[in-house]
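See the structures that follow.
Note that subunit A is present in both complexes that follow, paired respectively with subunit B and with subunit C.
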Partner chain A sequence: MTRALRFGLVAIAVAALITFPYWSAGWESSRFATTVLRDVLVFAIFALSLDLLIGRAGMPSLGHAAFFGAGAYAAGIASQRLGTDQLPITMGAAILVATALALIIGALVVRSEGIFFLMLTLALAQIVFAIAFQWTSVTGGSNGLSGVGRPVIGGLDLTAADRMYVLVAVVFIAVALLLSRIVGSPYGRALVGVRENERRMRALGYDTTRLRLSAFVLAGAIAGVAGALSAYSLRFVSAQDVGIATSVRGFVMVLIGGAGSLFGPVLGAAVVMYIERVLSSAIPVAETVLGLVFVAFVLLARQGIVGVGLAAWARVRR
Partner chain B sequence: MSPELVFQQALNGLSFGALLFILAAGLSLVFGMMDVVNLAHGAFYMLGAYVALSVVQRTGSFWLAMVVAPLALAALGLVLEPLLLRRLRGRHLDQVLLTIGVSLVVVDQIGVVWGREVRSLAAPAGLDGSVALYGGDYPLYRLFVIGFGVALAALLSYVYSRTKVGMRIRAGVEDAEMLGALGVDTDRLFALTFAAGAALAGLAGVVAAPVFGLQPGMDLDALLYSLVVVVVGGLGTLGGAVAGSVLVGPADTFGKVVFQEFALAVIFAIVALVLLLKPTGLLGRIRIAR
Partner chain C sequence: MGEGAALIEIRDLVRTFGGVRALDGVSIAVAAGERRAVIGPNGAGKTTLINVITGEIPPTAGVVRIAGEDVTMLRPWQRARKGLGRMYQRNELFPPLAARDNVALALAVKAGPYRPLERVPSTQPRAADALLERVGLAGREGIPARELSHGERRQLELAVALAQAPRVLLLDEPTAGMSPAETARITELIASLDRGLTMLIVEHDMDVVFRLADRIAVLHEGRVIADGPAADVRGDVRVNEVYLGKAVATA
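Let's look at the complex of A and B:
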């Protein structure tokens, strides 16, 4: 495939994704599909940010929902308290709070690895959840934060479902582009280097602790963006957004789709959202299905769908 | 705070600490032996509480529940270890991930079988009253919890240091591979260890049920606190579980009185301090951070 052809195909796919509500308008289920696709993309952003940690930097975080939730609460509270739905303000608040929280937690966990990293991110994020859950006067506690406004940009109102979708799709494309650039950059290579052989990277003069912290904060900030988009989309922030259920969901998405690839986490987000949204209305034990699927992937296909697909493709070509 | 209140809260803190010890002892034992942090530990705790609820509803005997629930959880552990964890021996992170999947399934199935409402379990007859102590009436059951926690710590300490099983456990914690090379059946030892850890989680669930009740989300609370206890106290040693629970139980209880909705910030601060100043935990040997 030539470069130009490839670029053209990607451009068409991107355009099709962004304009989905318009060209699908004739379908009977267009509205439902738009809503589901919007939520898939929100979680795809979340999963992509988590994969920067799991798949690239080798930091298996089980507390990533803390930043998603921090972004969601910050956007929601900013819109309510400041009385404005200007996107730069509410989104800015989300990024600011998520980044600050990621700095605090990150500073504590980046010196740990593997199981310990997983355990500490889980414990610290769960404490953040418990505080959010109990801080009723600000977060609404178990009732959640309802009545979050849809954003406006200047005079452009994004309240309508189709416009909200387009915002999410555009941010998704931007995040995917950003991450693909980062992964290919010297910085991204250095992160992989830290995962593969931290001692050697240190011997080569890299400040590995700082590299890991920067990845943690960057991933946290992007998760905050996903959280803000979730708050706008659902007009609601639930305490669950901060909780371990959301962290686990992100982890499952990355692992099922395939860690360390751009496409994997996105595919994983689609699969998990399908199980939770579509399947859970059909059968009452969606969590059980999710758990079993996860166990099966860890046992039999640790590389995820993308990894299995690539391996099969390599065998066919040989 | 009046001295009476301090006294009452100190007892509350100690009884919470005793519960945390039962929980964390199982988590720590499994980690020490298998290098696996069992993230289904909270789900096992929850299952123990619900099994106890059913036993009490059928037979009316809390004491029977205290035997049946840990046995049921031990049986589950005996099935799960060979079925899942053993297949990934040596891949510790993946084993931990497996336990996440297990926990999702167990918690969801509890909801299917027992429903998702808040339930309660009465303290056993004889322990359901209260006694007059300094500063007012104090629930007898909480005193029993403290005593039970201390007795269990003493029993486990005896088993670890004086029995052949304990000797093998200590050897396994030191170097499981070497133990296998010396002719000990480590497959069996690991399965039994995992079962014992699950049984301790189940036992904690039974003992905690009359104090905290049964509700969705209790698995996560239990997991969080047991992780905090082993991080603070030190992973893989019985002394670490004791130190962690004796510190975290009262700290959490007093935190709730003083800081109310920010009580967990106290726990966060303790974890942060330990990580920065003593990354092995108070009495542990394993560094969890550089």
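Let's look at the complex of A and C:
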């Protein structure tokens, strides 16, 4: 496949994704598919950000929802307290708060590894959850934060569901492009070096603690963007957005799809959301199916769907 | 040798592990351009010495200087940037990455990693390939490190250390686990490196030591019992008693 042809196909796919609500309107009058696809893309951004840690830097975080939730709350609270729905302000607040939180938590966890890193991220995220759950006057506590406004950009109102979808799709494309650029850069390669042999990286002259912290903060900021988009989309923020269930959900998406690839987390988000949102209305045990799928991948195919696909493709070509 | 000319200077270095003094007041100075070997029986403290020089293990007492600068409190990555390159006794590579990418990570350190939106310079793979050719790995550039033979991985380990363009190359048993043919090959390879490159070599194989080293320091139970030109150390009675004699007897 020539480069021009590949570029053309990707451009068509991107255009089709962004304009989905408009060309699907004829056969999809209920807008159910648009809503599900929007939420898939929100969680695809979240999973992509988590994969920067798990797949690239070798930092399996079980507390990534802290930043997703922080972004969601920050966007919602900024919108309500400042009385504006301007996207640069509410999204800016989301990124700022998620980044600051990632910097604080990151500084505490990046020197630990493996199971200790896993448990520390989980424990600190649970502290954030407890704060969100109990600080009722700001977060709404167990009732959540309702009535979050949909954003506007200057005079462009994104309140309509179709426009909201387009915003999410555009941000998803931007994040995917950014991450694809990053993983091929000297920075992305250095993260892989840290994942594969931190001792050697230090001996080469890399400040690996700072590299790990930078990846943690970058991933946290992107998760904050996903959280803000979730708050806009649902017009609601729940304490569960900060909770362990959301962290685990992201983890499952990355592992089912395939860690360390850009396509894997997106695919994983689609599979998990399909089971949760579509399959669950058809069969009553959808959550059990999701659990079994996860166990199957952990036991039989740790490289996820993408890894299985690539291995099959390599066999076919041989 | 005047102390002012020392590129690596360690003074009164002590390192204890529990009640064991692995290093017990070690002082060694390595001049710029010198090839210094450190020999001694197992447990003499040789690898501990290298780990203390690189900063992977903090000393209990004593000072480490690089080009006159006290680096005792610096971290390993900071010392590496002062010019320390290291070939580990047990390979420390990036197993799934191609040999070329292993070297490229070392080449990239000078420009710094915080270039998230830049592409990898097109000159980097060529520079990596040139280094791989230099260590005898031409044609193996695209092979993941984990698929190379042990001998090839040792060559790659050397290429990675050289890619840092170090001022001092610390070689921790460069021939560890190699066949006689591989040992001969890597010994000649190291011998052929730029004479201006300062080396500190820890090695058990005395043929390798006498082929490479200008001077030899002998460690025994954490202390330096001899330190001088290779020919003098070879004839030192005490050294022969505690080490060389055993080495000859067990060879």
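The rule is simple: the second predicted complex is superposed on the first by the 313 of 318 C-alpha atoms of A that agree within 3 Å, B and C clash if a C-alpha of one lies under 4 Å from a C-alpha of the other, contacts with A are read in each partner's own complex, and residues count from 1 in each chain.
Everything below uses one rule, namely that a contact is a pair of C-beta atoms (placed from the backbone, for glycine too) under 8 Å apart; a residue touches a chain by one contact, two chains touch by 3 or more.
As the structure is a computational prediction, the values presented were derived from the model and not from experiment.
Asks: Is this a clash or a fit when subunit B and subunit C both end up on subunit A?
Replies: With subunit A as the common anchor, subunit B and subunit C both fit in the superposed model.
Asks: Where does A:Ser214 make contact in the superposed view: on subunit B (first), on subunit C (second), on both, or on neither?
Replies: Second partner only, subunit C.
Asks: For the overlaid complexes, name the partner, subunit B or subunit C, with more touching residues on subunit A.
Replies: When the residues of subunit A touched by each partner are counted, B comes out ahead.
Asks: Which holds for A:Tyr206: it touches subunit B only (first), subunit C only (second), both, or neither?
Replies: In the superposed model, A:Tyr206 contacts subunit C only, not subunit B.
Asks: Once the shared chain is lined up, is A:Phe294 touching subunit B (first), subunit C (second), both, or neither of them?
Replies: first
Asks: Taking the superposition on A as described, I'd like to know which of subunit B and subunit C A:Pro284 touches: first, second, both or neither.
Replies: first
Asks: With both structures superposed on the shared chain, find the angle between the C-alpha centres of subunit B and subunit C as seen from the C-alpha centre of subunit A, to the nearest 10 degrees.
Replies: For this superposition the angle at subunit A equals 80 degrees.
Asks: Classify the contacts of A:Trp135 with the two partner chains as first (subunit B alone), second (subunit C alone), both, or neither.
Replies: first
Asks: Please give the least Cα distance, whole angstrom, that subunit B and subunit C reach in the superposed model.
Replies: Scanning every C-alpha pair, the shortest subunit B to subunit C distance is 12 Å.
Asks: If I apply the document's touch criterion, which positions on subunit A are contacted by subunit B in one structure and by subunit C in the other?
Replies: On subunit A, the subunit B and subunit C contacts do not overlap at all.
Asks: Using the touch definition from the top, list the residues of subunit A that touch subunit B in their complex.
Replies: Touch list, subunit A to subunit B: 60, 62, 108-109, 111-112, 114-116, 118-120, 122-124, 126-128, 130-131, 134-136, 243-244, 248, 251, 255, 284-288, 290-292, 294-295, 298-299, 302.
Asks: Can you list the residues on subunit C that touch subunit A in the complex?
Replies: Listed in rising order, the residues are 54, 56, 75-77, 80-81, 85-86, 88, 92-97, 101, 104-106, 108-120, 160, 164.
Asks: Under the definition above, what is the set of subunit B residues touching subunit A in their complex?
Replies: Spelled out, the residues of subunit B in touch with subunit A are 35-37, 39, 84, 87-88, 92-94, 96-98, 100-105, 107-109, 112, 220, 223-224, 227-228, 231, 260-265, 267-268, 271-272, 275-276, 279, 288-290.
Asks: Quick one: which bits of subunit A touch subunit C in the complex? Just the residue numbers, please.
Replies: Per the stated touch rule, the residues are 181-182, 184-190, 192-193, 196-197, 199-208, 211, 214.
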